[in-house]
């Protein structure tokens, strides 16, 4: 495949450009017998919808999902599930000004060089709207996981210089502030920081954290398909992600073995770990502890300040990106991270099913 | 596949346990016509061989590679290349003491839970010896890349708290110190730090950096097979890696758009970037700049200090790992990172070949 | 993947049920730069459309294709091409009578056993309408092949007992008779035979032949992805196909080496074969001769005569399939065979691109 | 992958040339906990070993398999199983005469054109010795199937013009005659026919039949990975196979629906079929009846009679193949067919495991 599919058994194939007819996904390999309706998917899509706060683009999109196949009498039938979200607010005219120019930090130049052709209307396939397909598929994965008692929970962990404080951790807060930050104080400071950046016609980056609870032990395939490696691919495939850590990540690189090793102990007949520096993955397989990983997002490349760049013909130019863009990607990316994690976990669970005879 | 294969076209399938007959790899999809002999591969294997300094395990292994197929009259024939390194120093007896115990920080527990059976002799398939197969395959990938003018160069960037200073950067130094650190002063301090850790029966972590030069623009497949995502999977699949960054990575998350965006300019008719915060990847495709990524390695889990743990029957125990182990994985992992990067790059180059009609 | 995708590089993922919202396909890996419009695809779909002769079902379907993504300014952009054909004539009510019964020769029973759930409205995913997606994708493959000078030509070779006579072979006739038989006399007899079968409320089988000209030498991958093996999978994956032969096929099994071997000779500086018993494939790779294969189709299982069967609860029943069904699948399957062959060939051509350095 | 791997979960990757160091296979995805020793595999290899009758080549090969990995204390450990058979009787000198000539019916010409290089010593990778790897892997698949109550039984069904008579069918006879024909009379006539062909310095073709009993219902994935389609690919990937039929195959193409449809009935509470024209596959999934398929083998291309051909430089030549070759491939191919079927079935069984929630 040419890069638009992910998953060996629970296989997700996405399509669509930001200013084309729409965006969609085919989910092949979803087990039969799962209750599934459009509302199950819509709930996830609504979490990444634009126009919900002052920190997101004003583009008007209902982002209504339609199920085109794979469901019979309210249940998955084992056949491919085709989902589509038609684009409404295409406004192609807005983009004619950037047709012959390479926006810094965007994929314009690389697309042109790779394919010799590029849909210049707002990024085409490299637009953030591509993630609609990931979220739609991930909503299905998350629903199966829930039936298995596995919960994936992502959130904004850092926005610019503001990091959540574990002492203030309150998952319920995630839904209560537009930044999806489960720490009220950090969220408040981050919001002020974002307003400042917007005023300065600038943008900023941040970090999404993700916790997965309820995992059985032993999920993930040695050698190349370690759970950490597949999660890494899944998360790093999201546009704007520049880093991935599991457990202590780069901090572990500065630690010592006597600290970083998680001691095992017997907790009422269950083997557990006293600490979780590993982030729930040992030897590439889930170790029964909570899985914890972090994804670094770069600042939104679309900024309203003037930038130096070149035109497609090589001429040097100055560019000012018009329209209002999200000053930070993180809040809307939270659900995308959650969904990519869910897709990865469900696929590894299915691959694991034939790992022993019994 | 069950996780022991990597690459869509240049496909690498590895096998072998640390105390079995040997370790090997089948490389399918290597183009015909490449001059290749055992010496080409041995040179890479020698870089990860144990017993070369006081900072590596004393295990005696020649790690001599044999080519079993795929070469005809000194050239690759287009058929699968089978490579084997037979184990010499198996010393299974040393390991009987740990047969019924789960070493902290190792994959013992997760292997047992996944498969219901585990080769307890030194980690079996999760041993560092598994990387022999990666290096053998990577040596072939690197040789093809060299013919294309692409060079992959990995090195130790951080050892414990010691980070190389860009001002002292000297790639030639990599081969001159046993730590593969291209900064003489940092290497010296790191060596002293390691001796201290060894004396304390402890270990430490570090960071491997990797630079790839000579890349054409547009390599990497949107959406899920972005170059950064596939490199991420490749590197995170190496045992002990807990984090991956491309370009500014987690630092970008704290930056702002006006700084993090790399401005394009016209350099004597070529489009280039003034800075390289992106690490050579834009929109998941190579952008013509040097590719730069970092991998975080956790401290070696095998330490000679006593640790709390449990036996396979759930009993709590204290364990002291015998034998001498590398106090840090990083120096020997440098070539492994380089080889996994080479395999990833060559595969993406081949996948890219059909991306346009002309 | 769970069986709805085909092709390693030119990767086709289909979805849809006969009485759902529609049928579609995502084509990932189509090279950029191909001129493509809906009419290019519609032309192929029209060849399999129902209701075009007295020998096809009366179901009224326009089968209008819509391109939802992947095209920019009339050319493929290298991104996934999503195609959909919405169903119009769903008439679910007609099918309620067969909801609790297993039709002989159909997939009702196996679907129910596999998934525990089944879309009983006309076969669901196992309906012939699933082939719409194959044809839509195949039309794109065929267009690329044409630009490379490769032509795939399928036709009805046998209908019931009537076989085309090579002496009467006239490819232009294919479009002139509703049976797609390039032999006027055989077509006439076959038509009379079909009318007889319809009157008897019975159906019959036949054979589709396929010729591929213009192939370069060496396409197809040893060992498991031989051109003949991949064509075999592609064709045998079409519903109702029970046999596949390449070249002399089962006749070769009764031949002797001195006859079956095709002698090479030098034809004005080109190496050619005096005969083509091989059907254009030697050692699993194209040998430069015309590729020739045959596909055996079983009789349409839907017949209006009473048949013995069982209900889903195990009760024995008699069933009479209502509605008018194609008395033979072959004429409408011709274009499906052609399209599956085109998809296979283009994929193997792309896979072959990295087979040598030069 | 480049064609040397087969299977999505039970994944088999083969390597090796007839006159290289040896032939081998890596089996990834074999479940843990299967008792397995070299003798289990050797028993299958012995069935395809040369030199066992006057109808096989005299090449002296012990074909002793060695297990290099994946087994711990007599059981599979869930890790890749690496198997190797080293070549003994290489006799490269015999082949120098054919280094610059294209043997009719062989892959010499296509290999040269594809790769620009060719191991001319006896066919290299396209030699029949490549099937050693298939048989070694298939022996493991067959052992797992046996534990599940599934038996795969292949045999010689036709040799030249001699077909087994169902009335004489006696599976025990398969092991009693060197032709593996379970009909004593047919075997006798076939043996005489073969002697005649050998005397005439000619060869002949034949058909291998295969029956699979004990299959659960619903195995095989719609749409492209139908059980019949994957069996087709598996069998057509064996060198010299030119045709594949399941159930009535090409005979079904001449049948009518009222005969070809297998009526369902209730057999003591189980749903069964009165006939088995389908060959045990309906809609691409196993239907609970015995699976039955046939593979057509062309005559051995190596014959001692003079043949016209060309040299690599285009010169026309006459060639006489020296050495003694099998006058027919079928008897030694029986176990190869059986093994490829076993690999296919086990893989589809594993893929099926996640098909429903319950």
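Labels for the chains are A, B, C and D, by order of writing; each one numbers its residues from 1.
Keep in mind that, in the parts below, contacts are C-beta pairs under 8 Å (C-beta built on N, C-alpha and C of every residue); 3 or more make two chains touch, one makes a residue touch a chain.
All values reported here derive from a predicted model rather than from experimental measurement.
Between A-D and A-C, more contacting C-beta pairs join the chains of A-C.
Comparing mean CA positions across the assembly, the chain most remote from chain B is C.
The geometric centre of chain A is 46 Å away from that of chain D, both derived from CA atoms. Inter-chain centre distance (chain A to chain C, centres taken as mean C-alpha positions): 39 Å. Contacts with at least two other chains are made by residues 1-5, 8-9, 14, 29, 32-33, 78-79, 114-116, 125, 222, 351, 355-356, 358 of chain C. For chain A in complex with chain C, the residues that touch the partner chain are 1-5, 7-9, 11, 13-17, 20-24, 26, 28-29, 32-33, 66-70, 72-73, 75-82, 84, 114-119, 124-125.
Those residues of chain A whose C-beta lies close enough to touch chain B in the complex are 1-6, 8, 14, 102, 104-107, 109-111, 113-117, 125-126, 130, 158, 160-161, 197, 202-207, 217-219, 221-226, 228-230, 232-237, 239, 241-250, 252-266, 269, 271, 274, 277-279, 282-288, 296-303, 305, 307-310, 314-316, 351-352, 355-356, 358. Chain C makes touch with chain B in their complex at residues 8-10, 29, 31-34, 78-79, 144, 147, 222, 350-351, 353-358.
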